[in-house]
Amino acid sequence: MGKATDKELIVNGRRLDGREPYHMREIKMSVDEISSANGSAKVSFGKTTAYASVHGPRSLFPKFLQESDTGILRCRYNMAPFSVDDRKSPGPDRRSVEISKVIRRAFEPVLFLEDYPKSTVDSFIEIVEADGSTRVTGINALSMALASAGIPMKDLVAACSVGKISDTLIVDLNGVEDNNSESDVGVAMMPQKDIVTLLQMDGILTKEELVMLLNLARESCKKIYQIQKQTLMEKYRGAE
Amino acid sequence: MMERYALELIEHGKRVDKRKFDQFRDIEIKTGVISKAEGSAYVRIGKTQVIAGVKIGVGTPFSDSPNNGVLIVNTEFTPMASPEFESGPPGENAVELARIVDRGIRESKSLETEKLVIVPGEKVWTVFVDIHIIDHQGNLIDAAALAAINALITAKLPKLEEGKVVAGEHGDKLPVAHKPVTVTVCKVGDNLFVDPAIEEESVVESKVSIAVMEDGKICAIQKQGASGIAFNDLEAIVDLAIKKAGDLRKLM
Amino acid sequence: MGKATDKELIVNGRRLDGREPYHMREIKMSVDEISSANGSAKVSFGKTTAYASVHGPRSLFPKFLQESDTGILRCRYNMAPFSVDDRKSPGPDRRSVEISKVIRRAFEPVLFLEDYPKSTVDSFIEIVEADGSTRVTGINALSMALASAGIPMKDLVAACSVGKISDTLIVDLNGVEDNNSESDVGVAMMPQKDIVTLLQMDGILTKEELVMLLNLARESCKKIYQIQKQTLMEKYRGAE
Amino acid sequence: MMERYALELIEHGKRVDKRKFDQFRDIEIKTGVISKAEGSAYVRIGKTQVIAGVKIGVGTPFSDSPNNGVLIVNTEFTPMASPEFESGPPGENAVELARIVDRGIRESKSLETEKLVIVPGEKVWTVFVDIHIIDHQGNLIDAAALAAINALITAKLPKLEEGKVVAGEHGDKLPVAHKPVTVTVCKVGDNLFVDPAIEEESVVESKVSIAVMEDGKICAIQKQGASGIAFNDLEAIVDLAIKKAGDLRKLM
Amino acid sequence: MGKATDKELIVNGRRLDGREPYHMREIKMSVDEISSANGSAKVSFGKTTAYASVHGPRSLFPKFLQESDTGILRCRYNMAPFSVDDRKSPGPDRRSVEISKVIRRAFEPVLFLEDYPKSTVDSFIEIVEADGSTRVTGINALSMALASAGIPMKDLVAACSVGKISDTLIVDLNGVEDNNSESDVGVAMMPQKDIVTLLQMDGILTKEELVMLLNLARESCKKIYQIQKQTLMEKYRGAE
Amino acid sequence: MMERYALELIEHGKRVDKRKFDQFRDIEIKTGVISKAEGSAYVRIGKTQVIAGVKIGVGTPFSDSPNNGVLIVNTEFTPMASPEFESGPPGENAVELARIVDRGIRESKSLETEKLVIVPGEKVWTVFVDIHIIDHQGNLIDAAALAAINALITAKLPKLEEGKVVAGEHGDKLPVAHKPVTVTVCKVGDNLFVDPAIEEESVVESKVSIAVMEDGKICAIQKQGASGIAFNDLEAIVDLAIKKAGDLRKLM
């Protein structure tokens, strides 16, 4: 995965797209983008763009998949064939199977699934353009889609990527940074409860660097949470 | 509920959203929406939303047409877009939609595949048109065909260096000679109408998708639906499609 | 699909196989070819040969596929690997998935499926040799297989291909014509009721040409219907 | 019903269609039935009908036998032929049948693969034998094997021009050195019989398919069925198969 | 299948690994290798090594697979990707589908499946190293796994390969012999009852040679049976 | 039953097998166990048994890294190893395990892929690491990672003659620069512990697999489980993994 570049990725303390190390790209969020779903959202971090939609809670079929004492959450993370440099063949690959699982795990702690016995909450993330940090962008979108579906949550989930590149710790990796980083870390959190629900790390770090990155991720998730909250409030102001 | 209501309205010459029988919902077309794609278009017809993305790569020609590039049209009905869509390989509806869109482009000779040869008989451009359904609120075929042709006419060929694609850089425009437009005409009882909303779609008895070229010639037809159509109704259906195709083309 | 030829396809008003433009190839029809099926038929147009068989109406399993108020029709169109110039890999491809669907649609209007709740009529078309016009040949066979199974029908279904080649309108395209036509049209009809149940068209035509071809198809379907009827009467004469 | 009746008859030394235990139903063999195929045969044994088609293309040899052509035998149990067959990839019975037919041909060295080399180590003829079941009324294995060998011995190699196959034109005969014939011997109680009708097949306790060459040598055996066979019965089974194979060969 | 060798395979009446024609390789057997299974065993013939495990009898799901008057036996034969010279892609191929079937057939005659209505006995064979005779090695392992699961059996099943190479009849073919044999025969037997439950033969033999090989196989199966019995007795001595 | 018991014990600071929270079950590592493989290792942790086999073949490099060999890590959860595993393509748990093991090796740059080039841009060594689960009694990830790295460090490259692999003969050692060790830390309530037995695994609320290098640096992390982890607990989890990885490494 990833194509190396020969360019310096940090020049005079700035990243190739002009950002300072701890700055995120422009973030756009909106909800209720998909009228066919119970809830939906669209989130971009720079060019990386994810749609998310939620269908349910609804009865689960075939019946042998039902659990009598709880509902289940199902999650599908998918990239559109045209979202990447080399066309991606349709259908799940090993990467998307794994990401779908860890995203599901990132949301199970925030839902009250035991309130929906024999039911399923089906959630879908579609990446239509991929320029790094797709899974965390998808998580941010799904968090808002669940909220817009009116599904009770213990907290929102906010997510961001952090990493190390040219010996510099950075936040919100774009595509070229992702492909050339020494290390990258994906974090999803319940920001009000200070609980981590997704943590994946690749590449070499000392423990001290890891701890610094985790703290950076926590701060960034809190900023993202503010944008999520504001977007939802603007949309549903009347309901409060 | 909504279906019965939609049916009653149609039988009284009306529609759920007060449109006329020959009237489309409002249409939005945006091109260049996916910068990673060689060409792309977002099409919204009412609440139905579709993104078509064109990816172009270096491939080998088919052995029976060594001097032509390759066109591949693909659709996935992602479950995001409708509670009725399921994960998994494309079902018969997704396959049929992709093949209708494909034929509209292929049979009109819109894509000039003879200009897509890199090394004759060995290397040609392969043009993938992937149609991603964002929200399914009726009339996917017309939306998908409109997105596909708009993505194609705005697409650029990748830049080649020493026979390899340079990621992110582009050269000439993709050679596209025609702009076919597909219109699906629906039939309920004796009523013909276009652009069904999703509530109407479920009561449609039969429908005919017709791809029309700039000069009014027809380049593809597909009858759909579980009912037959009286032979004598066919001409009126074709006439309506030709007329509406002209209207749609003005939006491009 | 299709291999171009350099030959002229119409010479002195005759087609390469000697036919006049509106003539069909030799048609052979027979029923009850397959003893294991409830009904079956074999139809050839020239070298193009289709078997069709019908199993059912029979109970549909698994149960979640059943519809409580109607039966369903299932249809499978398949080409034998050896039926074509370049061996076809076994299993459904996108073409056969689409053709199976439109053939099912061509028969749903003629059956009384509501008389078979929770049941299925399973129908199968196997092309053992393909020299153009395979789907319409298969439809003609399936129509007779349904009749031979004793399944009530509102009308038989007759089908044929028409097209345009070297600026000439023709009937019943063979393989080389199919691959080199400017346009081809497949039509299935309920010939007594004058109702079209399948219509597919490829290639460029003016509206006027299309209307002429549709009329040609209608006439040809009526001729085919006569052969179907006669074949069935000869077979089941005793029953009348 | 029919099964119990068939079983009772066999236990009394009789068969549903009054045949003798060592008697086949009437057999029809037609070759050259599919003109698109390089070789083909239709075989009918009673009401059981099978078509085998041979398609020959240019392929690459296996890396461990660079100087041999490739033989691939494939069967699909199309649901047309029996209410018991289902759509989908070949199940274990279809796979087993194809592999039994394959071994009968391969192990007898009938197909002279060493004569199927176009460019040593690079290009060879790939010979596909596809067996299409038309009507399953018992004893598919013997019918399929008979159709396969008859299709092979009447097959011709495609014509090559500049390394490419010329569609529809043919050259030399496919080199086939032997004509193995497969006979399946069935066992119910102490009774051995051949060519089971479909009602008999469902009561067969065990059966053994044996491929026999012209000189009476054996080139493949497969025991089938859910019961074991007493060791001491094996020789009689082999003897019966060899005898009947000779009879069948006379029909070719 | 198989890579030819140029070497003489029988020199001075000895095989390449030093064995006399009728000698088997070193045989190792052990049971209860897999604590997660109801029964299990590990068997090697030379380098060829098979694990087998049994789960069940247990209820069969989904229910439509159940048979009301009998249990069923399911069998999966599988080779590890690293067990062979050229890595085997994971997943069933046609060879393993066929072998799984004939192995199931080899055990159905020895079990009392009618005692487990609606249930399944699931049996698994994994070849971790393949040096010829893998299916018979797997059968020997499965036979002991069934015994160690305490599933009543009419007899053990013992299996071996025999064949003809350089005009010599041999027992227990190793990999290079398998690939270069003129003929090979796989036999599984109920050794006490003298009943054959698996018989497969490839390659050219006269009837007389076949009969001699079958007798060799019978003798060898009896020897293998003794080792099976002794292994089980040593393990379960306390239970007798 | 066992699960509730395991849970109660943990809440009282104890474990089903009387181990301490930071104690592994006894571990056995054997290498060279599969002579057909280029490298192999058998690992037993308590009753959990895993075999990793390395197969090395000649392949083509990825187009975006033409001067690197290829590493592919694969796991099949064969149903032999657990009544919970089912036949079929790898499920999400098998995929996740393979990808965690893969990243531990890949991200630590253990396999020196730049030394695995045969013809730059054209031919490289492809290294398959296949992990076969023999008995699943808990903590598969640590066992699989331990087996994989032990198989790799003992693997030898195949011998090449004229660009083709000579079966059964080997040359240099596979170049492996590091020996990452993966430790999975489990959390139940406020208790952290390692190496869960299978009864414990089913009550684990969350767990974190951490791959650690010789110098204590971290090269891969994966949080698992249906519960979240308090941010402030992360550091203690990392510390425990680093400590135990050092212990495990001594066994290699």
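All chains are identified by letter, namely A, B, C, D, E and F, in their written order; residue positions are counted from 1 within each chain.
To be clear about the criterion, contacts are C-beta pairs under 8 Å (C-beta built on N, C-alpha and C of every residue); 3 or more make two chains touch, one makes a residue touch a chain.
What you see is a predicted model, and the numbers here were worked out from it, not measured in a lab.
Novice: Would you mind naming the chains that touch subunit B and likewise touch subunit F?
Specialist: A
Novice: Assuming a repeat means more than half of the contact pairs shared by residue number, which candidate in A-F, D-E or E-F repeats C-D?
Specialist: Most of the contact pairs in C-D are shared with E-F.
Novice: Relative to subunit B, which chain's C-alpha centre is the most remote?
Specialist: Looking at centroid distances, E is the chain farthest away.
Novice: Please indicate which chain is farthest from subunit C, where distance is taken between mean Cα coordinates of the chains.
Specialist: So the chain farthest away from subunit C turns out to be F.
Novice: Find the geometric centre of each of subunit B and subunit C from their Cα atoms only, then give the gap between the two centres in Å, rounded to an integer.
Specialist: Between these chains, centre-to-centre, one finds 27 Å.
Novice: What is the distance, in whole Å, between the centres of subunit A and subunit D, each centre taken as the mean of its C-alpha atoms?
Specialist: 57
Novice: Using CA atom averages as chain centres, what separation in Å is found between subunit B and subunit D?
Specialist: 47
Novice: What residues in subunit C touch two or more of the other chains?
Specialist: In subunit C, residues 3 touch at least two other chains, as defined above.
Novice: Hey, what residues on subunit F touch two or more of the other chains?
Specialist: Answer for subunit F, listing residues that touch two or more other chains: 90.
Novice: Give every residue of subunit E touching subunit D within the complex, in rising order.
Specialist: 2-4, 94-95, 97-98, 100-102, 105, 108-109, 183, 185, 189-190, 193-207, 210-211, 214, 218
Novice: Which part of subunit F faces subunit A closely enough to touch in the complex?
Specialist: 64-65, 90, 92, 95-96, 98-99, 103, 107-109, 208, 213, 216-232, 234-235, 238-239, 242
Novice: Sort out for me which residues of subunit E touch subunit F in the complex.
Specialist: 3, 33-37, 40, 47, 51-53, 55, 58, 76, 78, 80-87, 90-91, 122, 124-126, 128-131
Novice: Enumerate the contact residues on subunit F facing subunit E in the complex.
Specialist: Subunit F residues touching subunit E: 34-37, 40, 47, 49, 51, 53-55, 57, 74, 76, 78-83, 87, 89-90, 128, 130, 132, 134-137, 167-168, 198.
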